[in-house]
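Below is one structure, written out as structure tokens, with a few remarks after it.
Just so it is clear, A, B, C and D label the chains in written order, and each chain counts residues from 1 on its own.
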Amino acid sequence: MRIGVLTSGGDCPGLNAVIRSVVHRAVVDHGDEVIGFHDGWKGLLECDYRKLDLDSVGGILAQGGTILGSSRVQPAHLVDGVERARGHVAELGLDAIIPIGGEGTLKAANLLSEAGLPIVGVPKTIDNDIASTDVTFGFDTAVGVATEALDRLKTTAESHQRVLIVEVMGRHTGWIALHSGMAAGAHAIVVPERPFDIDELTARVGARFAAGKKFAIVVVAEGAKPRAGTMAFNEGGKDIYGHERFAGVAQQLAGELEKRLGKEARAVILGHVQRGGTPTAYDRVLATRFGWHAVEAAHRGEFGMLTALRGTDIVMVPLAEATQTLKTVPADRYTEAETVL
Amino acid sequence: MRIGVLTSGGDCPGLNAVIRSVVHRAVVDHGDEVIGFHDGWKGLLECDYRKLDLDSVGGILAQGGTILGSSRVQPAHLVDGVERARGHVAELGLDAIIPIGGEGTLKAANLLSEAGLPIVGVPKTIDNDIASTDVTFGFDTAVGVATEALDRLKTTAESHQRVLIVEVMGRHTGWIALHSGMAAGAHAIVVPERPFDIDELTARVGARFAAGKKFAIVVVAEGAKPRAGTMAFNEGGKDIYGHERFAGVAQQLAGELEKRLGKEARAVILGHVQRGGTPTAYDRVLATRFGWHAVEAAHRGEFGMLTALRGTDIVMVPLAEATQTLKTVPADRYTEAETVL
Amino acid sequence: MRIGVLTSGGDCPGLNAVIRSVVHRAVVDHGDEVIGFHDGWKGLLECDYRKLDLDSVGGILAQGGTILGSSRVQPAHLVDGVERARGHVAELGLDAIIPIGGEGTLKAANLLSEAGLPIVGVPKTIDNDIASTDVTFGFDTAVGVATEALDRLKTTAESHQRVLIVEVMGRHTGWIALHSGMAAGAHAIVVPERPFDIDELTARVGARFAAGKKFAIVVVAEGAKPRAGTMAFNEGGKDIYGHERFAGVAQQLAGELEKRLGKEARAVILGHVQRGGTPTAYDRVLATRFGWHAVEAAHRGEFGMLTALRGTDIVMVPLAEATQTLKTVPADRYTEAETVL
Amino acid sequence: MRIGVLTSGGDCPGLNAVIRSVVHRAVVDHGDEVIGFHDGWKGLLECDYRKLDLDSVGGILAQGGTILGSSRVQPAHLVDGVERARGHVAELGLDAIIPIGGEGTLKAANLLSEAGLPIVGVPKTIDNDIASTDVTFGFDTAVGVATEALDRLKTTAESHQRVLIVEVMGRHTGWIALHSGMAAGAHAIVVPERPFDIDELTARVGARFAAGKKFAIVVVAEGAKPRAGTMAFNEGGKDIYGHERFAGVAQQLAGELEKRLGKEARAVILGHVQRGGTPTAYDRVLATRFGWHAVEAAHRGEFGMLTALRGTDIVMVPLAEATQTLKTVPADRYTEAETVL
């Protein structure tokens, strides 16, 4: 068999572990040939690739990033994207393509699959918002990095007797905020799924000070917003350098809470550290299993599918199904987190 | 409601997170009273306890160990163990007891439950061998510690051009060996579930050297044994100080592999570092959820049950069922791990 | 002997290690009594303190923050500050006071010392800018945290093909930027001691892209500024919430570099994570030694002095001398760092 | 200039950082050519090397191990070792050789230097026992790994109510034991420099239990021995597999303390994890500076010298002087550590 693999979209710890696993399983166990496209779909569209053998994946299991490079280019960006992809697949004699990526990548994968190309997708997102799989690799690492930062920030918040508003990743869903907030014992967690009421939040943090505590930690997902009409809120826009955000939700929350509580409040934005670097053991194992099962699915001819974790099993799920909705934090998970704070 | 909580058996990262979660959920949300028995079942049998309020669980979420202490004492160790427990439960007016422990503890919990006491168990084991739950807290931390050690050992094995045989915990099951071995890219994994064939293992490691590699890492669970008749093996016994093990499986494997391969081989025994210290974010979240749901089960009157993770949900499982068999590494998981090495 | 100890100023990993060491050395070895003032000089001025025995410092060695609390209050803030301090020292029968703090704290210590109070100072700053000592505790931890973040950011910068401008602490000196930048292999380091020339910096980063590299990491100390007249620069001021900074140096640099290089550039502000949480082994050892030697100096009657590291020795240095100048990054250290990037 | 670099002896975090720094400084700043000999002195003796350019040292700063390989072969092992080295140096037109290694390597370096070869040594040892330099790289990482393990072991020792005897590296000197023991708050530290009195040690640990504590941690350097005549002691020898040690000092101490104290005692041997893997920021900075200054010394023609840290400066020290004695733990450092336990 001849298999093409590519990584597309933002950085995510575990990408290299998937690539390595695909090569090990395909080349060593099945005697397949594997090629890696450079810079995501761009490599497929421009027929830019290299052969991947055992040596080319040596020592990459624990490395962050992706040895294949990535980009946000997608087949639909070109008028003849699908046809070019089809042409290159034929030209290269590929029996299967394994794209590793997030929601956008998987939608593109579905498009190509519906156009008849032999696709087996591997889901990737630190946000954990892909439906049909219990968890995606990268999420555990992101939560771990955020939790370690929160552990450190606690002593500082306490020493300085402050409220710290810590912004973690999550534009559309609050999984990282939920898990890191629970893991670090944050005193309030704010997620995009539940627009916050600034009065309630103030009351919650205020109650803590009333009970004699000297600091508070609020974890907020970058995509969180106030309930309409409860607080002036700058939706974003560009800063003077044309960058996307001016004063994000954390900074605005810090301003409001400081004003309302009469306590020093500061914003901390964890940023990109959450998505880079070496993956946790959990993510390495999950990524490795995804790669292994993607190769197996290809050999069974199960195309148009996605690897997914269900309980402790890896199963195959239709690509079409997996990309229809985002997996959001359900109310009961939020309730669990809120009551133990 | 009046709830008693206790921790029993060996150290496991996440015990304090469960205790904290029980107290937060019960005291803050339900207005319950919570007491903590000292040193496991011993505390219940001797009526040795203290009241647990919010302050008494402050700052313990990220701490290893257990603020309640532990012991290996069990009700069945006393002729009148069950009756003493029943008496103290009545005397203290307890509506529920939440024992947190491993297989032995849960069997004791089942015994008391069958004797009519109101028990909700919380499973605990770094070995991940409790049936009925996808994962137990403590396991992720143990795998993380072992993986970090393996990452470090790789460069040393390479510099010294050696075979390193790294012994990880797991007397009856090989979960820690399987996951840390996969996560670190070990070149062979040896688990108790599959007695090893020393000829096959030698061939596997030897093939690596034949292919020009200069070192190899073998991960072995402490309870692994050779297939009968394939290798002289010291089953254990006592050393000259009366300690349990003389030359464990790692040391014996190192001896055999060195002799057969003509390469320096050394044993490294990771030992107790795998079961102590701060839990990973994953384990803190799981432990917190277990504590929360144990309190809920008690309030619903669901006794004789155990908290368990199924997929992403916490469910309740009968204690009797959960303690019947050990959860062992299934053949397909081992195959996955073996083929990507 | 009766000794009072206090911690003053911002959070710094190792404060608890000093407190513990003072108590161990004084109470156990010398049979002294030790009291801890609450919230820095405030505790001395308001006679707010508690007795510190062995139990009260149990388990704090590895903990960030300070069990005594801190504040930025200083004796000079009160008209009768010195007299109140003198009165309380007499009232409490103190033979020595050990203030642990940064530049401001040590100046206050010198003031009280010159007024005749028996002071032995312990220097503390994550910035490493106190003259007369090779290193202060807290610095190694801050550098470690920043380096770990930079390690993670590298793979992300590479995957996204970006310039990342990473702002680390250091208002007046660039020690954290210098060491973390060297440790992580940053491609440019910008420190307050050397106002940057935006043309040179652009050329430096641009040369990297010209050589075919796909990303760059610039580490910048928060207090860094452009050479006068070379770039429009917002010196700070308040944001709309009255917080100190609006667009810091990292954000402004990101804007300029993006414009000039035509490459995506993003700012990452590491912030308070650098000053909180558990200290590294290095900082724990240094802090412990400082505490030990401060007690010894008190017993020898060496007041008006500061503990300091010189090579591998702890020596005593006059307070007056230690607070006269900031220790800045010398040109040759900057040259070393610059040429290996 | 044409420079040859090699790494010799055991694994040590920071070796790659030195190699990278030598290449950056020599190639980029001076326009030199650099070659790397494979497997230590062996590469020089057998003329086995490769060219090192910027690309060949990309991404290695944070990696453990050495990209050049290592061995324990030394010129003195061959009758014509010095002459062969001289011949290859002439043949390759080398103007300088930079060997990076420990005591044995530096003695060999001195031998070659006295024979007229242009040598600039870089000291390397996790043990920190090289005289003439305040610290060597690798030591901080080893202490950090040991301290993290000790932090974890504390909760386990407490939960299991045991004495844990933790063996760390250090055959001849106790620096790792001293620093990790201080950093982790061990209750006794045993070093080779001070043969231990088993009665005193028992009394010390026993006093802790008498004071109501439930566990104790003893850190012991692998080379520690009892004071003559105070305890039966197995000096080592071979085990049944021909490996060097049978029951090391930790295991023997555990046996004795268990017998004498009537408390469970267990040995934990940290082993090779202390010398592998990614270096700390401290070690990366020190290693980078050593590499830089070695190149500078070569350009100044200062041969027969060794880079050394004195305070915060890198200085050059005669090779002959540096290898005469081991740097041992002085009495006052031991006293400091002992009294704060």
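As a convention for this text, a residue touches a chain if its C-beta (ideal position, glycine included) is under 8 Å from a C-beta of that chain, and two chains touch if they have at least 3 such contacts.
It should be emphasised that the depicted structure is a prediction, and the values quoted were computed from it without experimental measurement.
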{"item": "Touching both chain A and chain C (chains)", "value": "none"}
{"item": "Furthest chain, CA centroid comparison against chain C", "value": "B"}
{"item": "Between chain D and chain A, distance of the C-alpha-averaged centres to the nearest whole Å", "value": "40"}
{"item": "Chain A and chain B: spacing of chain centres that average the CA atoms, whole Å", "value": "29"}
{"item": "Length of the line joining the C-alpha centres of chain B and chain D, rounded to whole Å", "value": "34"}
{"item": "Overlap residues in chain D, where contacts from two or more other chains coincide", "value": "151"}
{"item": "Contacting chain pairs - touch in the sense defined above", "value": "A-B, A-C, B-D, C-D"}
{"item": "Partner chain C, residues of chain A touching it in the complex", "value": "10-11, 63-66, 69-70, 145, 148-149, 151-160, 164, 214, 239-243, 247, 251-252, 254-256, 258-259, 266-273, 275-278"}
{"item": "Touching residues on chain B, where the partner in the complex is chain A", "value": "20-21, 24-25, 28-29, 61-62, 134-135, 140, 143-144, 146-147, 151, 179-180, 182-185, 280-282, 284-285, 288-289, 291-292, 310-312, 336, 339-341"}
